[in-house]
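The following pair of complexes shares a single chain, subunit A, combined with subunit B in the former and subunit C in the latter.
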Partner chain A sequence: MVAYFATEPESLLADALNGFCRVHADLVVRDAGGGYLRARHPSPGRRVGLVSGGGSGHEPLHIGFVGAGMLDAACPGRVFTSPHNRQILEASRAVAGPEGVLHIVKNYTGDRINFGIAAERLAHLGIPCARVLVDDDLATATDGPGPGRRGTAATVLVEKVLGAAADRGADLPELLRLGERVTARCRSLAVASRSHALPATGDPAFELARNEVEFGVGIHGERAERAIPREPLTRLLERMTDPLLAALAPAREEPVILLVNGLGAVTELELYAIHDAVERLLHKRGVTSARCAVGEFVTTLDMRGFSLTLMVTDRETLELYDAPVHTPVWRW
Partner chain B sequence: MTCDGVFTGRWVRWFAESVSTTEPELTDLDRRVGDGDFGTNLLVGLTTTIRVLDGSPGAPGSPETPPAAGPLEMMAGVFLDEVGGTSGPLFGLVFQELAAAARAAGPVLTGAAVEQGIDAGLAAVRRVGEAEPGDKTMVDALLPAVTAVRRAGPLPADRALALAAGGARRGVSETARLRARRGRAGYLGDRVTGVPDPGAVGVALLFASAAGPVTALSPWWERGVTRAHLPGTRLDGPESGTDTGTGAGVPAGR
Partner chain C sequence: MVAYFATEPESLLADALNGFCRVHADLVVRDAGGGYLRARHPSPGRRVGLVSGGGSGHEPLHIGFVGAGMLDAACPGRVFTSPHNRQILEASRAVAGPEGVLHIVKNYTGDRINFGIAAERLAHLGIPCARVLVDDDLATATDGPGPGRRGTAATVLVEKVLGAAADRGADLPELLRLGERVTARCRSLAVASRSHALPATGDPAFELARNEVEFGVGIHGERAERAIPREPLTRLLERMTDPLLAALAPAREEPVILLVNGLGAVTELELYAIHDAVERLLHKRGVTSARCAVGEFVTTLDMRGFSLTLMVTDRETLELYDAPVHTPVWRW
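Now for the complex of A and B:
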């Protein structure tokens, strides 16, 4: 059992949002009634507003990426629970551009339904709306019907690229096409050596033996198909990187963006060491990593784990990734 | 009968009465196939709707007659904005489409608007819930409801709603025989075969309540299943779906 310092699980989210908005008051504004956060200084010249959202417990996703160059608004749901359709509707109405609003949705049933209901309501209000679905988690790739791959850490890359395109004045169909293109070209895999603890009780969400690694864990602590014995880091990273490369099959001239993402309780010291080893591995495989980001972007409360995300790029997507951004987490 | 705002207001109130009376049965059903909150969510939504309705123009005792769309729009707004879970807002989508069709038809609800509203509601639920016919969801009540109305041709709204109720009830009986594929029940497989889908029951209650409050659920699907297995019973004609008098819990002539 792990004790959370926050002893009021019921008010944890509201308290955290209060704090977050006070600290980043120059960048974000909270509409508490509407249940969303919006950019204080949205990019001028956008024709389409960008809205994302999902359950909380994955901070800094999505609230940390609200601001010029990325999201116009984010809708936080309760921990690991989809936001209500009303939050999404209110946020969409508040930030819709003259050509409507784009929803960036991680592939989970609850999120799909609530964003879908909001989209139906927007249609009745005459506000054009389209959806980009992020489904990068290679651990959930299956043939045939089913819920499909889960949406995980690639979400921040998708939000970055689409945000830059929206800044350039892309219209809704252009953003949709770009979104489909980039989501098709990114995959992630996550591992954990210890599950997260549940905020209400402090109990672990699942048990792992001392020398086991959950291989392919989900960002809500969804169990993987298997746990594997602990092994040297380079071997573990090969086991993660090789299937990602096999699924993405980047051509020789196509560089990748590499995201090394801590799931909540892995030290930065380790994350940079992981990054170093993955870079060497990619080099050995003949893959150029053009950009990389290391840190916590999409977490699972205090899970001791990390994920690797690769996004295959072309000149346009690299330019969009490089375009200026000013949010609580990413600024360049 | 003039199917104006007084008619739709009464329909919404009777629907609330039906759900209030049958809530324990709905909850029991949902405990068997879902997480047990369906009846409560529906009831909370309708109680709130009635409160909104009571404070609006056209409430009993007030002079103006509202357009038929008014009460349906209020119900849609409450279910979409304030009801939790997944099924509440999905019902809100159906109400939203019924309201939009009623609004387009003018101050008085028509049979064509009923058909159009159910059809659009069905399409919205299929888009958002990604459910197909046969998945054991509310789609399985909405689809036979719209089919029954469409097959009958031009009708006044109250008659169209009675046909929709009959179609939806036959759909409910069918869901009892289906294996769930979507929603929480999707994880339960054969364990929920024999139990009708609560969402489909809710749809049938909605349409049946246009003729009066429904006082009991259980005869619906139990008799429906039995009849579905009796050879020679006419299940597809409009008449078999409109038996508002005998044992269906709907008092005739209201």
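Now for the complex of A and C:
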């Protein structure tokens, strides 16, 4: 349908990373080998370095969240392809603190394997390493064995909270415990009304009928189990919010952080209108949303869709979320 | 093709503004009548208030740029429709400084008329008012009489520079002179490979062949004079950059500010790759880009396209661009 504005599909990522590092030269530096981006002014006093990464095509994740208060380094793989374990190893060696390095990994087989190999090589070098696995996508929840839930938009919340905890001097076991606690308390669901276009050909990754919505789509364009007929927005949002609340079961005194995340081509008007409707739904369900972020954080190239993420918080998580951050995307 | 995620097309704007004001409640306040948004913490010491506005559908323009260092108030009209003169009048009365109010207006007939009526009513009330007209769109440059060039993405640069000047205590004639100087020194060009979808029906506003690019498209989806065959990105960017440079003719010692602006559905990877290629072109032409912003600033709903803006600067303009700002979108 639409070809990409790119010199060559193969050079799209390299050119984009060049541009990104030039525009944000005050905040990020690319290593000489090109395998990772690191914070120019990392948080002082961290005992543990924070590294994330994954396939590209989800920008601003992860590169937009490198900087003081969040990630020390991000390793971009090719579009929708896990980074090589060497990238992760080099990034980890570069930013490891005196007590080691924490990997924040979205739950996909390729990422698990490559971060895993890097972790083994780090162990060999005597650098302590632990992993927090983000697996928030409720659309892929199953009772039986299998790969488990995919990691999607909650990743930015996890990176923010762990970044603040690392700033406060948390050690590796503390970060791991906190990471397991917060990832267990966030879930996401995504829908789309038009797939992304494939960078190589411009063809849509999949076809949807005009009056259908893909319910539970993945951030690489993984098809959902079902497409549902389009229905009024509030009904669609109930269909998303209620299962999230059922899975998380926040207590009365536990406010949530709400993330309304555009997947690429949804307008800002829609995202804020969606936010407004979800806030009303949460209120109706007796749930307090203590913080909210609306925008594009974890995208699927130019997909026309959005995701909702809820993270159940306590006082500590909220304090960590509120702590100062200075990255290309989030600054407060 | 794709219906909007909205309760009703008519309520899209109202819902979005509700959401926007809730999410950014620390920075913006909506007036009781709903006609405008104003800064919660306006710049102290301004002698002149700054008001802008226009049709919605270009978000984050203008509402995302309300705050200290930029706009005191923004008046959102319905999608692609000028705000009512009453909205502009009320916003102006609310934020006028001791020396009056400055209107920053994109050059469209409806906006000129409605800001003009508001200005007359302000004069009647004894509130001094002046207007800076932004007319950067090179695609609509003609030699003869007519409506003149349209106002597009340069608006955010003009708002930034004038906001900083107002912070420094510039009076109305000084702001007017500065505004005329900077608007004369910026030009933009936009291209698209897919039109936006109409909010009411989801149908594309216009059809483009797969291998065509609309060259010189407007931010309301105004068709260009021509669609050109798709060509390598660098060639397309030359076709955009060279006329901008020819129109602006920067001297050797005059660096430019470069704005790479997504119109809605172009991926961040593409925008940064475009930036990278334009920087190389400017370098080849002997032009220094002193500052650069890449992202979505002035959109056309979900159009798949982008615009390039160049603003020729001097030391004063650069200082004003660099001055602190605290809005929902720009913070430095």
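FYI, the second predicted complex is superposed on the first by the 329 of 332 C-alpha atoms of A that agree within 3 Å, B and C clash if a C-alpha of one lies under 4 Å from a C-alpha of the other, contacts with A are read in each partner's own complex, and residues count from 1 in each chain.
By definition in this document, contacts are C-beta pairs under 8 Å (C-beta built on N, C-alpha and C of every residue); 3 or more make two chains touch, one makes a residue touch a chain.
Nothing here was measured: the structure is a model prediction, and the numbers come from that model.
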Requested in this report: Could you look at A:Ala6 and tell me whether it touches subunit B, subunit C, both or neither (first, second, both, neither)?
Outcome: second
Query raised in the report: Is A:Thr267 contacted by the first partner subunit B, the second partner subunit C, both or neither?
Result: second
Query raised in the report: If you stack the two complexes on chain A, which partner ends up touching A:Ile117: first (subunit B), second (subunit C), both, or neither?
Result: first
Requested in this report: Enumerate the contact residues on subunit C facing subunit A in the complex.
Outcome: 1-7, 11-13, 15-20, 22-23, 56-57, 59-60, 79, 193-194, 202, 210-211, 230, 232-234, 236, 264-277, 279, 292-294, 296, 299, 301-302, 304, 306, 331-332
Report summary line: Touching subunit A in the complex, subunit B uses residues 80-82, 84, 86, 89-90, 92-93, 96, 100, 124, 127-130
Query - subunit B contact footprint on subunit A (complex, rising order) - result: 84-86, 110, 112-114, 116-117, 119-121, 124
